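Following are the structures in question.
Look for chain A in each of the two complexes below; its partner is chain B in the first and chain C in the second.
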Partner chain A sequence: MEIKRSVNGNTVTFALSGRLDTITSPQLSKEIEAAFEKEPVNLVFDFSALDYISSSGLRVLLSAQKKVNALGTKMTVKGVNDTIKEIFEVTGFTGILTIA
Partner chain B sequence: MPQSLKVPATMAHFEESVGFIETHLRGAGVDEKTLTKILTASEEIIVNIISYAYQDGEGDFEIEIEDHPDRTTLSFTDEGQPFNPLQNPDVDTTLAANEREIGGLGILMVKKLMDDVRYRFLDGKNTLTITMVKGA
Partner chain C sequence: MKSDIFQLDGSALLTEQALDKVEKLAIYFGFDDKDVAFSRLLAEEGINALESLLGINKGSLWVETTDKDFEVHLKANAQLSTDQREELIDLSKAKRNTPKKGILGRISRLVDFIATDMVVGENPFIFSNMADEMLSYSAIMASPDMIYWSLQKTKRIEEEKGEGADIERSIIEKFADDIVVSIALKSIEITIKKSKK
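Entry: the complex of A and B
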């Protein structure tokens, strides 16, 4: 998996490619933690080039959403492919995340 | 002919296992969407075996792939603690983010993404079998 991070004001965008799985999820988790180090930020996840997500990836998104909720900032997930959309639906994540 | 791979149940063999499944399913001409679903379900099953099957020691697990004209079936077998992952109730997917627990998502994904999931314990072995029906 590759993570491209870009910052625009207080919004941090993570563009992911490849697989957000057991091996790569901790890497994203660290990047998200680092993004919150200085100030409360909005998060955008660009999944246009992401092939699949595992439950460990879902857990990273859930904890990021909880963090954002606690801070009163915003989080959006965009560019979701059909299979990942189905995974969000069957796990109830469509009700938790803001999917653009 | 079923294709099989037997490796030690450690994270060092995780990528090899997923790679084995991907290579064989691609070779069998399984479509991309089905492939993604099977790989997603397989990862959850493999990670569970590696994490929990051999709590008190070491052991192997085996993956068997059978591609038929009407369906694709994968079996995951270990000789660890008897454990039926299908016995627990599903997680409540209607809760808000702050009320959601982090456990139980993996097996839920397996159940929802696959057309059929079966567990059996026979001769000291746990086997979880997943099936995707073609053209469903």
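Entry: the complex of A and C
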């Protein structure tokens, strides 16, 4: 998985490509942690080039969502493909995440 | 067709190698891109479920296919507690243990019968003339803990796992066409089946 991070004001965007799974999710988790080091930020996850997500990746998103909820910032997931959309639906994440 | 057997030891390297093989076999099997992804996902969540439900990260994985079905098999050596046994059985579509054939399978069915269907008080000895197929066994000694089912215990396990504990289960239940759990005395096997549409 490749993660491209960009910052615009207090919004941090993570553009992910490849697979967000058991192997790669710790990498994203560290990136998110680092994004919150200085100040509360809004998060955007661009999944346009992400092929696959497993429960490990979903847990990272869940943790990030809880963090922004606690800080009063916002989190958006965009560019979700059909496979990932189906996984979000099955696991109830469509009701938890803001999917653009 | 049965694939090679891939060992799992909880390391990212072996897990990824096994999942890559599952993906390649799913492509060879003729699944479309989406079902290839779901096959890999089912294998990954099967591995995750073994760890989250039972705390097991060592075992083996292989794939078996027929004309219609693509099966991911996960096997591990384990002796389960009653709670773990119930959790694992609950993962199966049929909500029961489907033991392998043979004498070990019959013993396993007997243990299942004791663990799930009997209400035993203080007497730890259970005589086995309660089912036709079990007549050949004279007695089984079972600890009270083995046969004691407690909703409190179940609740505690759920709390310990925290939020999102059932993500693997949701994924497996939704995307697999069948899930068969075989619990023997010292080993367990999970078969996750995906069929061609």
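Keep this in mind: the second predicted complex is superposed on the first by the 100 of 100 C-alpha atoms of A that agree within 3 Å, B and C clash if a C-alpha of one lies under 4 Å from a C-alpha of the other, contacts with A are read in each partner's own complex, and residues count from 1 in each chain.
Throughout what follows, a contact is a pair of C-beta atoms (placed from the backbone, for glycine too) under 8 Å apart; a residue touches a chain by one contact, two chains touch by 3 or more.
It should be emphasised that the depicted structure is a prediction, and the values quoted were computed from it without experimental measurement.
Undergrad: Once the two structures are overlaid on chain A, check if chain B and chain C clash or fit side by side.
TA: Here chain B and chain C cannot both sit on chain A without a clash.
Undergrad: Looking at A:S54 after the superposition, I want to know if it touches chain B, chain C, both of them or none. Which is it: first, second, both, neither?
TA: both
Undergrad: Once the two complexes are aligned on chain A, which partner has more residues of chain A within touching range, chain B or chain C?
TA: Larger number of chain A residues touched: B.
Undergrad: For A:G95, is the partner it touches chain B (first), chain C (second), both, or none of the two (neither)?
TA: first
Undergrad: In the overlay, answer first, second, both or neither for which of chain B and chain C A:T83 touches.
TA: both
Undergrad: Could you look at A:E31 and tell me whether it touches chain B, chain C, both or neither (first, second, both, neither)?
TA: A:E31: touches no partner chain.
Undergrad: For A:L62, select first, second, both or neither according to whether it touches chain B, chain C, the two together, or no partner.
TA: both
Undergrad: Quick check on the output: what are the common chain A residues between the chain B footprint and the chain C footprint?
TA: The overlap between the chain B and chain C interfaces on chain A comprises residues 21-23, 51-52, 54-56, 58-59, 62, 82-83, 87, 90-92.
Undergrad: Applying the document's contact rule, which stretches of chain A touch chain B when the two form their complex?
TA: 21-23, 51-56, 58-59, 62-63, 65-66, 69, 82-83, 86-87, 90-92, 95-96
Undergrad: In the complex formed with chain A, which residues of chain B make contact?
TA: Checking each residue of chain B against chain A gives 11, 14-15, 33, 36-37, 39-40, 43-44, 47, 91-98, 100, 102, 105-106, 108-109, 112-113.
Undergrad: Tell me, which parts of chain A touch chain C in their complex?
TA: 21-23, 51-52, 54-56, 58-59, 62, 82-83, 87, 90-92
Undergrad: Using the touch rule from the top, collect the residues of chain C that touch chain A in their complex.
TA: So the residues of chain C touching chain A come out as 12, 15-16, 19, 34, 37-38, 40-41, 44-45, 47-48, 163-164, 167-168, 170-171, 174-175.
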